[in-house]
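Take a look at the structures listed below.
Below are two complexes that have chain A in common, paired first with chain B and then with chain C.
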Partner chain A sequence: MFDWLFMDEWFPKFDWRWDYTWEILPRLIEATGNTLIAAAAGYLIALVLGLVFALAQRSQSRVLTFVVREFVEFVRSTPLLLQIFFIFYVGPQFGITLSPWVSGMIAIGLHYSCYLSEVYRGGLDSVPKGQWEAATALNMTTAQTYKRLIIPQAIPPAIPGLGNYLVGIFKDTPMLSVIGVAELIHTANAIGSETWRYLEAYTIVGVIFLALSLPAAGLIRAFEGFVRRKLGM
Partner chain B sequence: MVSFRKVRKAYGSLVVLDDLDLDVAAGEMVSVIGPSGSGKTTVLRMLMTLEQINGGVIYVDGKPLTHMEKGGKLVPATDKHLRARRSDIGMCFQHFNLFPHMTAIQNCMEGPVQVLGLSKAEARDRGEELLELVGMVDKKDQHPSRLSGGQQQRVAIARALAMRPKVMLFDEVTSALDPEVIGEVTNVIRKLVSEHNLTMLMVTHQMGFARDISDRVCFFYGGKIEEQGPPAELFGNPKRERTQQFLSAVKEAI
Partner chain C sequence: MSFFEFLSLYWPRLMSGTGVTAAQFLLGAILTVGLALVFGLMKMSPNRAIKGSAVVYIEIFRGTSLLVQLYWIFFVLPLFGITLEKFTAGWVAIGLNAGAYGAELVRGGIMSVPKGQWEAATAINMSPARRMWRIILPQALVNMLPAWGNLMVEILKGTALVSLISVTDLMFQAKQINASTYLSAQIFGTALVIYYILARFLLTPFMRWLEGFMARKLGRT
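Showing the complex of A and B:
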């Protein structure tokens, strides 16, 4: 009596085709490489710039501190997508023409560096004041103190936070599809528009993201433990 | 060696040190005692340039530390001047402040390598020699987290000595220690007093220890030196009423 519920018009048959799945899998795996490269490159930029921003916000110069803090707030308060569009489409109007890859990496790296700078700041603030005093008593310069004492001690407690953003950046790489970076979503879209079959492509993309994100948390914890042991902390 | 001239320190309206005059001769061991809040730790922190002073001048080895001469006048010191002048001074802290990510020997090598420009081999030799002096050479490859408080403080003393300071400052170095390990730290300081010609300033609550090893004891009260003199005199026959009160209160606590 509930036949109408299962009528094809209402509830199309679940139609998964394995032969088609195997056919498109190589292309998606190739795109996974691009996604990983995008995430890794964006993350590297963010790791370096984030530390620079965090240190700048602790500098003696009020102007520098103010400018960097406002910039970080600005970037954190506007959507990543807008920033990607801005760099890619508005840049040329100012004579800055960048490839999709380069604009994407700049946008994602810059965006995440602002989040990472907050994580670094927490780590830097967690180093006890006594470490600074000991450094002064040894007559070390500020630069030496940061490089040799403060940053090495600030990193281990920051690793979980830094690691969360690695997963975050990985999951945000699909935004680069809007400017034509051939990462996973972009490739899945392309496959879908060729054959009008979306189920397999999107499902595989989801599985790939899941398979790569899930172990990340455990790996990050292991890495934190490794760094702490290495530093004897 | 060290001279405080009308040194003033205030946090807002709270005056911590009021026109302090204090001289420490080369090779002299001076203990600073007094109730908490009397400004005794501030004396050491100003000398280590961890605190800025609000008035007066501090001289080390005859030359101004907190100020520099410019056109015949004393002006507040720049960072560069402070760095040049404070190399004569070393300090040990109540909470050791060892670098937790470095082993004992690395802690001792850090300053000599980074600041004095010694080679790693030279710094290692010097560090081992000093760890030997404080009886910690067999633990030289341990990180601070694996050491007891007394052991950490002894490493901290070696670390400070590795910079070859002329003046050593000890800021309540036994206050954070368990009673049974205080002796291992005071013994090291005793050894320094008897075998090395260091100028030392020590803030302490160990009255017996201060009495034993000091050339002079200063009793601080309310940001001023209330009374000072040779330990036998100050502990045996205190002249000021506040000194008597403080000493009898301390005795009762024991």
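Showing the complex of A and C:
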């Protein structure tokens, strides 16, 4: 198939085998499902927890604000890979055994919730102060104001940022392979060690990532326009 | 074994790992800056072939994950006759990956320079290269430095992945010590704190200082 490129003349060791490619493709496609599930589950955790962290940083309690702020900084400044190992191995030391999936989701969800809390914070800060004053004038409670007035207005400007991190979380799922979550890279590693052929598996994984993350960026932009129109902005 | 005994026993290995992490970071960061500058400028070129190749580079490296790129460079590139030693493969993968993100920062920084600056430089008969180097880039640099601070932290965090191709960095040492002692909380906790200190108390203050320094150089204080 690559004959017309004279690949074997230029690179004697390069030998792409299509029969082998078709053989491993179903396994890799199956693993893509796991990658997408991992990304979606991790993202859902991050969406909820991120909002909690963002709101906690706006609370009246200075202790709470300080603790959450420092925690977010700590998680954002340290490698996700190390956090995955930490959560997976530290549990059993204290008698709590977490499965690879559970600890992976906790690690990736927690890591990205710290990033998302910054995005939410930007959105929350962008809501004009007059909105708060109007809510006070109408005698609304803080909880009501957040729920009905502030959060709905804070979300649309935050969507591009939130969307970028959805793609980011998807691209970070390969790190879950180190604790044995059977996603794309884990499967490609397994295939590689069975047959000592890495070319096809790793290349297909790269192509799958490209094919999914490039259109995602366009979809996120379309979604942002949709939400803005919905809210009449 | 108390935590203190544990630390004093494994401290040398952790420090040698930290040294490797620092080396990976520095080499990766230098490559990132170089690639970002080259491809950021190429992406602004009116020539379609030049612009196209920059777009291809940026989209490929931003569209796939660092781990996939690292494995590909380490396991597949030898088939094309390019065999990189694991240490080199590590920082090259990091630099190629972060360079794609940096290129977008460079482009954004250059576009943030007001149009009047370009016109004024042209009016006093500066050549395009001189205009870029003397007038546009310094101002673009000041505008994009805060974003570079974040990217530098991402590069530092990215170096942890090189442990997966057995480069003996901090992450690798932590993993090895964990495998022989099972003191996971102590060893991974210590490694987390070391990464945190590197990022928060060395790298971030340095980038802040650089921001201030460059702003003063441009007389913007």
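Rule of thumb we're sticking to: the second predicted complex is superposed on the first by the 220 of 233 C-alpha atoms of A that agree within 3 Å, B and C clash if a C-alpha of one lies under 4 Å from a C-alpha of the other, contacts with A are read in each partner's own complex, and residues count from 1 in each chain.
Note that in this section a contact is a pair of C-beta atoms (placed from the backbone, for glycine too) under 8 Å apart; a residue touches a chain by one contact, two chains touch by 3 or more.
Everything quoted here is computed from the prediction, not taken from an experiment.
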Chain A as common anchor, with chain B and chain C clashing or fitting: fit
First, second, both or neither for A:Q144, with chain B first and chain C second: first
Between chain B and chain C, more extensive residue contact with chain A: C
Partner chain(s) touched by A:T78 [first = chain B, second = chain C, both, neither]: second
Superposition-derived angle with apex at the Cα centre of chain A and sides reaching chain B and chain C, degrees in steps of 10: 100
Contacts of A:Q131 with chain B and chain C, given as first, second, both or neither: first
Which of chain B and chain C A:L199 touches, first, second, both or neither: second
Touching partner for A:L210 - first (chain B), second (chain C), both, neither: second
Shortest CA-CA distance in Å separating chain B from chain C in the superposed model: 28
Contact residues common to both interfaces of chain A (with chain B and with chain C): none
Residues of chain C touching chain A in the complex: 59-60, 62-69, 71-72, 75-76, 78-81, 153, 157-161, 163-164, 171, 174-175, 178, 182-185, 188-189, 191-192, 195-196, 199-200, 204
Chain A - residues contacting chain B, complex: 128, 130-131, 133-134, 136-141, 144, 148-149, 152-153, 231-233
Residues of chain A touching chain C in the complex: 11, 13-15, 73-74, 76-83, 85-86, 89-90, 92-94, 171-175, 177-178, 185, 188, 192, 198-199, 202-203, 205-206, 209-210, 213-214
For the chain B and chain A complex, residues of the former touching the latter: 48-50, 83, 86-87, 89-91, 93, 95, 97-103, 110-111, 114-115, 143, 145-146, 159-160, 163
